[in-house]
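Note sheet for the following structure.
Should a chain be cited, it is by its letter among A, B, C and D, assigned in written order, with residues numbered from 1 in that chain.
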C-alpha cells in the first residue's frame, strides 16, 4: 500500500509531539514535514527527547501543500488563523477547539466535521476537514452517547472528572509548576468548563431533543496523563439493560471497552482506549469513563480519524502498549 | 497550669502516630502511655521514625486507668470491643466509626457525643465520651452546616471528593501499593460511602427537617495527605448572601476559613484548618472544602475536642506550620 | 513467516505482565500458555487490567512442553527449582537471578548463557538457555562495556543510581506502600547490591583483567518505572575519544543511543532503549545511563534475546512508543 | 521577654514564605515588615496561600531600618546589591550564596560569618552579619564535620544526593514543569556543583589541612521538599569508633540526630532536623544525611542562627511537627 504524506503544523507542543510518536510508527504514513515557528532547523529529538534514535527528522519553518493530510496542532485560535490563508487540498485535522461547534465550523469553503468516530464514523469518511474533539469532551461523550441514542438522557447529569497535567499543555504557569502541583489537587472551571458546549451539541443531535442540565466539576490531578470522569443520572434503566445498551452501541468500535470491575486510570494510560464501567445505585446509573488525554483525547483520536478517512484499518498505528505503572 | 495525662490505645497506626506528634508538643498534656499490642517495649520512634530525637517514649503492652483522657485509635470494631471492658473514668475520645451514629452511640453507661466542634461545641464541653467524626464526613459537613442551620438544604446535594492515601490507613493492599497508586486515580464506593450516614444525621439535626438526597462520588488520589470536596446544589441564595451566612456561622471557630480565591489542597496539608470557598454558577451554589484527613479529619480534631473538654484554648497545640509544598 | 509458540511461567507478576504486553503485539509469536499457580482459569485481564479488550487469553495452572520458547518469570529461586524437573526442549529464557553467574549457570544438561545482547549477541544465537540480566546490572554494564573492551577500567568506578518501584515487584511491603514511598527517597544496599557480581563478571571477561573496585549506591525513587545511574572514574581518555569509543562499540546495536545533552529518565520509560551520556570533568569521565527496568531491564531484553535466538529482526515487537510524560 | 523586630527582604519567594511561616509562630519575634518589590500592598496570604487565617500582614514595597534582624531572601546577586546601600544596624542574615566564601564575605564595613551552627556557634553569637549556608552544603557538611574535626578526611570523598523541586525556587523553567518532572529523575552539575566550594572551605578550616578530592553527583528528584545525600570514603575507623565520634561531635546540637536504622527522607521533611546514619562496608565508611532544604537547608537554619545570636533557646520556634507522609 502506498504511504500517504502527512504534515504537522505546531509540532513542538505536547499534542504535536504525541502525534509524531504515533505517525513515526504508522504503517501507512510518511511524515512530510513538522512545522514549528520557533524550532525550525532543529532535530525533532531536541524538543521531544524520547525520539532520540528514532528519527533524523528536523523541524521546518516552512511547509508545503504537497501532503495528503495536514494536522493542526498550533493551538486554540491559531488554527482558525491558519485556515484563513490555507490553500492546500489535504484533509485537515484540527486538534484545537476552533471548529468544533456549529456556527464556528466553517473556514472558507470548508466545513469541519466533528471528529468523534464513535458518533460520526460515516461523516468522517466523507469529510475534507475534521475538528478533533476535546479530551474531557471525548471522555464524557463516550460515557453518555449510548443513552442519548436511546433517548434516555431525561434527567440532569452530574459529572466530576480529573485530568493530568499534560491537558494544560507545555506552557509554564503557576498550576503547572511542579512544586505547586505535586501532591496537590484543585477544582477549576466548576460548572463552567468550555467542553460542555460540544458535549451538549453531540448529545442533542443524537437524542434529537433538548438535553437536561449537565453539571461538571473538573479537577486538576497530580499526574501527567489521563482523564477519569464519573457521570450519574436518574434513570429507570436496570443495570443489565444499560450494560446491554452500551455493548450494542460500541459493538463495532475497537477502542471502547466495557469493564466488569471498577477500573483505574492506568489501564488506559499510553493507549488509545476508552474504558467504561457501569453501576446502578438506587435509581442512579453511574458511568465511569477513562482515557488518555493525549491519545484518545487528542493525537490518537486524530490518527483514528485519519485512518477512517483514508480507509485504513481503524486501529492502524494505534495498537499501543499501556505503560501500566 | 497542671498538665493532664493522656493515654493512647492503638498508637502504632497512622492516626495514633499523628496524635503522638501533636500531644508531644501540646503545652497542657503529658503522655502517660502509648499502647500497642504488637509493639510493646519498642521505642515509639522505631515505628514513627520522624519522632527520632523527640522522645524516649516506648510503646507499652498494658495500660493504666490513671489518665485524664484516653484516645482510642485502634480502628473500627476494636473501639466498641475495648469499651465493653473499660472501667476507667477518663474522657474517652474515639477515632473509629463505632459510636458516631444515634442508635450506636452508647457503650455501657456512657453515651458518646458526636465530636464536631463547629456543630457541637457546647455538647462537647459536657461530654464524657466523644465520637470523633470521619474525615470525609468532617469536610462535607463543614461545607454544608451553615446552609442546614438556615434551612437552605432544600434541593439534592451533589458532591465529589478526593482523598489522600493515608485515609486508608497503613495496612497493605493493592490500592495502597505504590506501583499501583502512583500516577493513578480511581473512584470507589460511588454513591454508597459510609460517611453519608453521619453527614445526614448532623444536617437533619441542625436543619430540623428531612434532607433531600445527597450524592457523593469519592476518588482515591495519588497523594498522601488531604481531602478536597466540591458540593453544589440549587438555591435562591445569592453568592453574597451565602458568603455572609458562612462568615456568620464560622465567626467564632478558629479553624474554618473562607477563601476569596479558589483554593488548592496544600493550603491546609499538615494543619488543622478547613478552608471553604464559595461560587455561584447560574442557580447552583458551589462549596469547595479542604482539610488534612489526619488532622482536622482525625487526630487534630480529636485534640481540638480534648481542648474544648478541658477548657484549654481551642487551638492549643494545633497552631501548625503548613508543609505548603 | 510461521509464528513460534511461547509459554510463560509465572505470568501474574510484573515482569510476566510486561512480557505478555510485548508478546501479544509481537509479529512472530503466538502465546501458547501463561501459567500462574494462583490464577489458573482467570482471564489475564483480571490481573493485568490494561489488557482488557486485547486478549481473551486465560491463565492456566498447567503447562505444555509444546512450545518453542519458554520464559521463566516465577522469581528468584523458583527458576532453579523449575529447571530441576523440566524436560522440554524449548529455548528457556529465565528472568530471575538464578543462572547468571559462572558456577551457578548450569541446570541439568543445560548451561545458561548470560543474555546481554550488547555483550553476547553471538553466544545468544547458539544458546539453548538464557539468563536474562538484572535491571541495574544492564544499566551499569551498558555504561561501562566500551571501556572494558578497550581495557580502560583501570581506576575505581563510583556509581549511584535510582530505581522505580516496579523494580521491587508486586509484593506488598513497607517500602512499596504508597503512603511511605510517595514524596520519599532512601538509599538501600549501599555498596552491597547483589548485581555487582554479574557486573564484575562481564567486565572482567571483556577486559580480560581484574577490575578495580566498583562502588555502587542505589536509591529507591518515588516513581514507578525506570533506572538512572551515574558512573565516574579517573581516566586519561578525552571526552572526544570516549565518545568515539562508545559510538564504535554500540554501532550495530539498535537499542543503545548516545545523547548529546544531559538526558532525563522519561526519555526511555516504556521503551526498550538505553540512553547513554558522557561528560568529562577534570580527570573524571562521567557516564549517565538510563533504561526502563521492566523493558530493557527485564521483559524487553528477554524478547530481544528471543529475537536474536530465532533470527528475527532484533527490534521485532520492541518498537515502543515512549510514554514521555 | 521583649520581642525582637524582624524584617524580611524578598518575602514572596519560597525561602521568604518559609521564613514567614516560622516567624509568625516564633515566641520572641514580631514581624516588622515583609518586603516584596512586585507584591507591595497585597496580603501575604495571597502569595503564600497557606497563611490564610493566620495573619493580616501585607507585603510592603518599602522597608525600615527599625528592626533588630533583617533576613535577605531576595536571591543570589540581589543580596550583595542590597548591602551596597544598606545603612541599618540590624543583624543581617543572608540566605543567598553571595557572602559565604572567604574573599567574598565582606560588604562595606561588615564581614559575614558563615552561619552553620554546628560548626560556628560561638562565632555566630558575635556576628553582625551571617551568611546562611546552602542546602546541599549543609547536608554534606553535617555528614563530614566530625571526620574533619578528627583529621579523618584523608581519602577522596564520594557523594551522591537528591533534592526536591523547591530547591530550585519558584521561577518557572522546563525542569520545574510538572509534566516534565513528575515521575522523572535527572542528574545535573555532575562533579561541578557550586556548593562544593563552601563545603571544602569549612572542612579545610576544621581539619586544618588540605582535603582530598570531593566528588558530588546531584540529582533532581520528583518530590517537593528535602535532600538526601550519601557520602563514602576509605577509612580505618571502625563503625563503632565512627559512631562514637559523631555522637561526641553532635552532643550539644539539638537538631542533628544519629539514626540506628537506615533512614528515609520523610523523617525530616517539614522539620529543622538533620538525621545522620552510618554504615561500614569493607574499608568504606558510609554516611547518609537528610534534611529539609527549606528548613535546616534555608529558613529554619536562618532562624536557628537568629536564636543563637539573640540568646534565645536554639530551638525556639523550630519544634516543628513532621509531615511524615
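In this section, a contact is a pair of C-beta atoms (placed from the backbone, for glycine too) under 8 Å apart; a residue touches a chain by one contact, two chains touch by 3 or more.
Quick caveat, the model's predicted, so the values are computed rather than measured.
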item: Between A-C and B-C, the pair joined by more C-beta contacts; value: A-C
item: From chain D, the most remote chain by mean C-alpha position; value: A
item: For chain B paired with chain C, centre-to-centre distance based on mean C-alpha positions, whole Å; value: 46
item: Computed distance of Cα centres, chain C from chain A, in Å; value: 34
item: Residue list for chain D, restricted to those that touch at least two other chains; value: 14, 165-166, 179-180, 182-183, 222-225, 263-264, 266, 269, 325
item: Contact footprint of chain C on chain B as seen in their complex; value: 14, 165-166, 170, 172-173, 176-183, 222-224
item: For the chain C and chain A complex, residues of the former touching the latter; value: 14, 17-18, 21-22, 25, 46, 48-53, 164-166, 182-183, 224-225, 257, 259, 261, 263-264, 266-271, 273, 275, 294, 319-325
item: Touching residues (chain side chain C, partner chain D) in the complex; value: 158, 160, 162, 179-180, 182-188, 190-192, 215, 217, 219, 221-226, 228, 230, 232, 262-266, 269, 279, 281-282, 284, 286, 288, 325
